[in-house]
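Following this message is one structure expressed as structure tokens.
Labels run A, B, C and D following the written order; every chain starts at residue 1.
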Amino acid sequence: MEDVASHATKEDCWVILHDRIYDLTHFLSRHPGGAAVILKVAGRDGTAAFAAIHPPDMVDILPESACVGQLDPEAAAARKASAEVDPEEKERRLRIAKCPPLEACFNLMDFESAAQTALSPEAWAYYSSGSDDEISLRDNRAAFQRIWLRPRVMVNVLNVDISTHILGHPASLPLYISATALGRLGHPDGEIALTRGAATTAIPQMLPTLASCSLKEMTDARADGQVQFYQLYVAQDRDHTARLIRAAEDRGCKGLFITVDAPQLGRREKDMRMKFIEEAPKEQDDSTAGRNEGAARAISSFIHPGLAWEDIPWFRSITRMPIILKGIQCGEDAVKAAHAGVDGIVLSNHGGRQMDTAPSGIEALAESVAALSAAGVPPGQMELYMDGGVRRGSDIFKALALGATAVGIGRPLLYAMSAYGSDGVVRAIRILQDELIMTMRLMGTPTVQDIQPGHVNARMVSVHSSSVPEDSLSRALYKPLVAPKSKL
Amino acid sequence: MEDVASHATKEDCWVILHDRIYDLTHFLSRHPGGAAVILKVAGRDGTAAFAAIHPPDMVDILPESACVGQLDPEAAAARKASAEVDPEEKERRLRIAKCPPLEACFNLMDFESAAQTALSPEAWAYYSSGSDDEISLRDNRAAFQRIWLRPRVMVNVLNVDISTHILGHPASLPLYISATALGRLGHPDGEIALTRGAATTAIPQMLPTLASCSLKEMTDARADGQVQFYQLYVAQDRDHTARLIRAAEDRGCKGLFITVDAPQLGRREKDMRMKFIEEAPKEQDDSTAGRNEGAARAISSFIHPGLAWEDIPWFRSITRMPIILKGIQCGEDAVKAAHAGVDGIVLSNHGGRQMDTAPSGIEALAESVAALSAAGVPPGQMELYMDGGVRRGSDIFKALALGATAVGIGRPLLYAMSAYGSDGVVRAIRILQDELIMTMRLMGTPTVQDIQPGHVNARMVSVHSSSVPEDSLSRALYKPLVAPKSKL
Amino acid sequence: MEDVASHATKEDCWVILHDRIYDLTHFLSRHPGGAAVILKVAGRDGTAAFAAIHPPDMVDILPESACVGQLDPEAAAARKASAEVDPEEKERRLRIAKCPPLEACFNLMDFESAAQTALSPEAWAYYSSGSDDEISLRDNRAAFQRIWLRPRVMVNVLNVDISTHILGHPASLPLYISATALGRLGHPDGEIALTRGAATTAIPQMLPTLASCSLKEMTDARADGQVQFYQLYVAQDRDHTARLIRAAEDRGCKGLFITVDAPQLGRREKDMRMKFIEEAPKEQDDSTAGRNEGAARAISSFIHPGLAWEDIPWFRSITRMPIILKGIQCGEDAVKAAHAGVDGIVLSNHGGRQMDTAPSGIEALAESVAALSAAGVPPGQMELYMDGGVRRGSDIFKALALGATAVGIGRPLLYAMSAYGSDGVVRAIRILQDELIMTMRLMGTPTVQDIQPGHVNARMVSVHSSSVPEDSLSRALYKPLVAPKSKL
Amino acid sequence: MEDVASHATKEDCWVILHDRIYDLTHFLSRHPGGAAVILKVAGRDGTAAFAAIHPPDMVDILPESACVGQLDPEAAAARKASAEVDPEEKERRLRIAKCPPLEACFNLMDFESAAQTALSPEAWAYYSSGSDDEISLRDNRAAFQRIWLRPRVMVNVLNVDISTHILGHPASLPLYISATALGRLGHPDGEIALTRGAATTAIPQMLPTLASCSLKEMTDARADGQVQFYQLYVAQDRDHTARLIRAAEDRGCKGLFITVDAPQLGRREKDMRMKFIEEAPKEQDDSTAGRNEGAARAISSFIHPGLAWEDIPWFRSITRMPIILKGIQCGEDAVKAAHAGVDGIVLSNHGGRQMDTAPSGIEALAESVAALSAAGVPPGQMELYMDGGVRRGSDIFKALALGATAVGIGRPLLYAMSAYGSDGVVRAIRILQDELIMTMRLMGTPTVQDIQPGHVNARMVSVHSSSVPEDSLSRALYKPLVAPKSKL
């Protein structure tokens, strides 16, 4: 260890990762996340910081020669025994101890609130940020509130059945866990915690390309009969992409969700600001100028911006999994997808993280259903999903009324996991189940099939108005009416 | 008393209720409101806590054997003499003493403000809460403000007559007291205070199934010529329901308002949160996990979710009271109700306590009148009522202009009662009378019959828009104009 | 004086008014403003308090016998010499001294801000209050901001002429001073200050029935060639009304503006609250219970609610002044007025002081022009005016574009007068002149005749929307983006 | 210097400007900016204050006789050596030192935030102010947020080309620097800093008539191949105007942008308020009464309000530069411009500094494209530009989708320049480039030509709604839902 500690400069930089010692001196300038984060752990064990972002097999991209040695097993074991003293983990546990009891979380927003306590500022910035002015990020939520319900009464709702099928697989409710990157930023178990939660609640999980856990870890964690899909970022290297798809299929994934809304990752300035604040005082090195682009861009530099409609037959040629395009945002593209013969589409603006002022998934869903109908595409030829802004059982109901087969959620479960591990994931999904049962009962729709467009008033969903900027002089002059004062 | 005090554990739990001693040990786990609230008074007199929630005859659901004794009458009298020292009642009186003078209440909101002083946090949470995000709760008020008036001038309004008939019975104005549960949470007189207020002001009162007072108490309190209706929650046990209806008719109720919007009670998280905070520190018992559902659900577990249109003939067969369906929320159901031959409907979203983002009563009224007309239902075949959000005389006017016969109010009178007893109820109704007289004078409509659709502009009532989420960076940069500064 | 001071109780109440001594004991219970305000000055000189509300000749309504004596002229002179020590006037001067310099007022809102410093809380409450929730009060301003301008460029606007004619009389701009009550509440000169300001700026003044100054005082103050109109509240006593009209005509008024929107005065709760606070601690007397209705209702109890369209010929029969109806609020009534043959109408909701959620004058104007056209009334048969919410030269422009001949303003000039006397009135009007010149230059309309409907986009004027109530949980969780921090 | 110092009164006022001594006694009363600002530097060197507002050659308007001497060259050199002690410059540098590092600016708003630190309050007031209530100023930003994007996916966007042509000249992106006055208020380099920034980033610069730098300075600073246009305020003196145009053409300007929206400058009250505060305590002189009109009006008194459509042939007759009208605000005028045969128009409301509640440039663009099409004007006959509110690359995209060839920005670059000089200008433009590349990639439009109307949803752009004024009593009573509390 002392030996390693002597290689702690920019010119000579060794780091321990999973008990092996790497010389990263030459890799510093090529690290997509910038040199600074590596230099922080130079001469030390960087496993914790590394694992929060990368799956274990990511070290394989380093040349074999970079590995300059291995920790003596005894030392490694000793270090692990004392692993709890890792200061970041210590801090995390202190934060977790401050979270409200799990039973105090009554809805999905409560988990987000708990996660604001549980997460490090960096992780919070990465998870919560949206692109540009975060207008789409917030409209994803607001759009649901522009859709109002039209309840029917005097329907026998003694028995309510919220179960459904997603791509032919049973799901306990019309919900799946959508893919999100970097699960270990939030919790040491990473995506595995989500896998466990999905198993317990019997809903499908979509596995992310940019997971902190490896595909093997995530599929090994799968329970009997549990359904997993695979989310794909198409890489510049087509062979690499083909290997990813085949690995997913081989490991039992039941659907291929190709992300189509991210030929380039969006500017997430909250994340950038956090990273900038972090590094600015520690690093004067010019080589990192212009690198303050946050975790998002750092991990995504390999994504291919050349993906096009013409590529769909190639995907068909290398997999038997059903193909779903994730990130359709307008009616014209929904029709194109139908003509291209894919099995489904996800209407989504990527959680408000890509193009700001792009419509929310629920708005794009309403538009797409109309466009598909106008284009003569038979209902049911292609399954429709949406994600973005789903927080209540009534949101799921609204999506179904507008034509969705199911909805995906991402961040809320990351938040639940970050504060409470897989127990949190389970409770969050159970709450949605309870809320959906209540909604279907109060709406007079005992089964998923009973839910129809006439159950919602969605006329305002695509209306993006704003108030005339306030007249500040008059506004300041107005003294509001007040209630009579209490005595004493 | 000492004897009772020795039975104060979960394993051996005695409680005094109305001078009788009950062994509730076996009932603990079956109490819809959870064991914790009973254990709080274990070994003591629980009458005050019991009476705030339950009518006196509710003890009859306990098996006869549960009653293990009776207080010695002398001891009972002694205790009653010192009843004022009941600490909760003491606190209530201290709060009441802080309320503004009754004469300082100029409008119905002022009573709500006073009630925030007068009520315990638990009672406030129960009365004021709505479901989920409380959006419908608040839209009930906002919807009236999207309807604008179109006053006519130069009409002789020397004499304004605001009286009308409700189900054929005279009312001093187009207003009735709607049923609300648990009146004694707010005031020791409970629903009786409302009965007295309604008598003084000559408006009908609708008696709730979930009253704190017994039906006998409420009907005995009726003044000569006073009109009472009966609100019904249909129970799973049909015989029980039939008994309730017959009792109401026998005791002189003049109309049966069947609640149709509550096959399950909504999630009222403010109420749940309050209950959670209360119990969490006191109770580690697993048996109450998942029971933190607030007063609302606790009292309603017997409601039947199987009620359907087919049941209406059965109701007809057992009562001669006119039948009104309370809780219709869309035009289609209004037409179904007309075809089912009921005598009236109440357009209502249950005070925003059931399905969040369901339309307000006033919005559903506007939609229903149009739907009934489109379906060819003759005007007047069925009386139309609405409730939810009525706070001003002009709100009553707007409802009448849109086609209502009368409107119901619930919470505002609970608030008035909680702070000022029946005097408060009377003043609140008098204010509405004054406001309605003023409104009808300023609108140029000397009688209720003169009020027509052309007196309102209701084009926006069903428009649920939201502003584009604000661009926080720009917004923070803008420095508003300011007025010139005063000297010194 | 000592003698007077000994009559200072409810049972024996003398008051000095304008140097005469009155026994008001029997009048106490009949005083429309309540006994309390009289008892405050019992046994003392009440002239200051009296003059702030009533014209000097108001004492004539007392029976001759009420005057029990006259101050000895020497004593009266002595008192007047020391009049400055009147404590209320002293306080007023202290407040005035704190007002910003007149030159610091750049727009009409700035005068309102100064008036918040200059006025007593009671006067502020009376002047600024609106009815009920003050929604129309504020919408009067907001409505102008829903109307947007459509400027034309490349028009020769070297010479801009903003002058016009109002009822055939020249006005330096399309503006008149509208009638407002109780001018001396704001400034000792009362309505005379407005007369002087109107003279200097060459615009017509409308004299109020409920002035603090007498009609004689106001018409005597008229400058050569100055135009005055008369605003009429029609009293229950028709002869009294006839006398008022003839007096106005005899004293040279050039138009009769009959207020038609006030068969009863609106509830102005800010004013009521102020009065309540004032009296509550001082007065336990039951006789004033229910009297806390603010200055507004106190002064208006004589208004006749029976005024009707049928009465117009009677008005014609007793005056040659042109007749204008003030307070028309919808298109139907505008058409009725045209058919009744009046010379003009004022679209107005009485400054938001009568029917809350009634449309603003500018909205009613747009509706009325359309209705008159649809009814085939020839343009120009009847002059159209509006008031309510006018604060900028561009507001005047918008009203003219929509069809008004001129606009009235009330409160802004009361505010200017209260803080700065007639100098303030002049500056306020000059600012409007400057703003209107600028507006007409920038709009490409060198004369009033050039202003056309195509110069505005008024599509939204009658749209009364509201945002969906905010989802407070989500909103609280969102952390806005922030700008980079300054150093140190 | 001592000699000069003895001439420091209103009656005898010498000032040093650029090393020459001027007797300004007679000029005091004719100075458009008022006497006060001159008297502040009487008997001293006024070069710094002078240069912040005027180009060096502005002294030429003084009669030759006004120059009463020249500083002895040695003294001049000595003074320059110690120029850094100029107290205003000293303060400026202190403010600049507090600005965040340039790299911390991630978007154009961040530069505005930095400029709030960097600028003097006076300069901030002049740059940031808008007219009247600053409603158009802010709506310029909000209007973009009422336009939503409709992204297309699965388009090969490997190579994105954001370059275009403006009036036939290449530009690295569809952006030019719009003319803004008084650059030296913000930075000693003034407009030259903008010239340098434009050169580095290869976009055209529009040179202002009211520059702080002389035309010669600005054109001399031009880099090889750099494109400059000339913005013209048409003066009352036509010969003077002709000289300005010829000078611009002679010095290589490639287009003449005639400002048509400023026959009179708007009321910018923030600027007026700042000036008033400044001078009020220092100056009792009546001659400046009414002069508190801010920097804006002071510098613009020579603008000619008689400019009309008939003048266009005259401009054609004296220049070969293409002619563009800057400040068109409605469709009718766009059509007139096309018929007048100009080469382009700029849809603009002058940064919200002229007619308040005039539509934003982006709104006027949408309206104009429709009007031109309806009038049969062939697409492309006339180039369309817009300015106002552009802050994001996506805003440029939206303007292009609606039919613009390019957009102008003004204030954001002034802010960037004020805080960081030309480095700031370069970074600001680079950010827009980055953002536009990202937007075009995410929108599926690899070249500027691919951008079509179907890429935006602009239905709401001209909707100017406002919410019903809030019901303050109800609002205050509502207690929002809260998240569960963290422990400790």
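In the analysis below, contacts are C-beta pairs under 8 Å (C-beta built on N, C-alpha and C of every residue); 3 or more make two chains touch, one makes a residue touch a chain.
This is a predicted model, so every value here is computed, not measured.
With centres defined by CA atoms alone, the chain at the far end from subunit C is A.
Homomeric contact subunit A/subunit B is classed as different-residue, with under half of its interface positions used by both copies.
Distance between chain centres (mean CA atoms), subunit A to subunit C: 60 Å. Distance between chain centres (mean CA atoms), subunit C to subunit D: 42 Å. Residue numbers of subunit C whose C-beta contacts span two or more other chains: 101, 104, 106-107, 109-110, 113, 133-135, 138, 142, 145-146, 269, 273, 463-468, 471-474, 476-477, 481-484.
Residues 97-101, 104-106, 109-110, 113-114, 117, 132-133, 135, 260-261, 263-264, 266-267, 269, 272-273, 276, 280, 289, 292, 304-309, 311, 325, 327-330, 332-333, 336, 354-359, 462-469, 471-474, 480-483 of subunit C are the ones touching subunit B in the complex.
On subunit B, the positions that touch subunit D within their shared complex are 107, 109-110, 112-113, 116, 128, 133-134, 138, 141-142, 145-146, 269-270, 273, 391, 465, 467-468, 471, 473-474, 477-479, 481-482, 484.
Those residues of subunit C that touch subunit D in the complex are listed here as 101, 103-104, 106-107, 133-135, 137-139, 142, 145-158, 392, 394, 434-435, 437-439, 441-443, 454, 457, 460, 463-467, 472-473, 476-477, 483-488.
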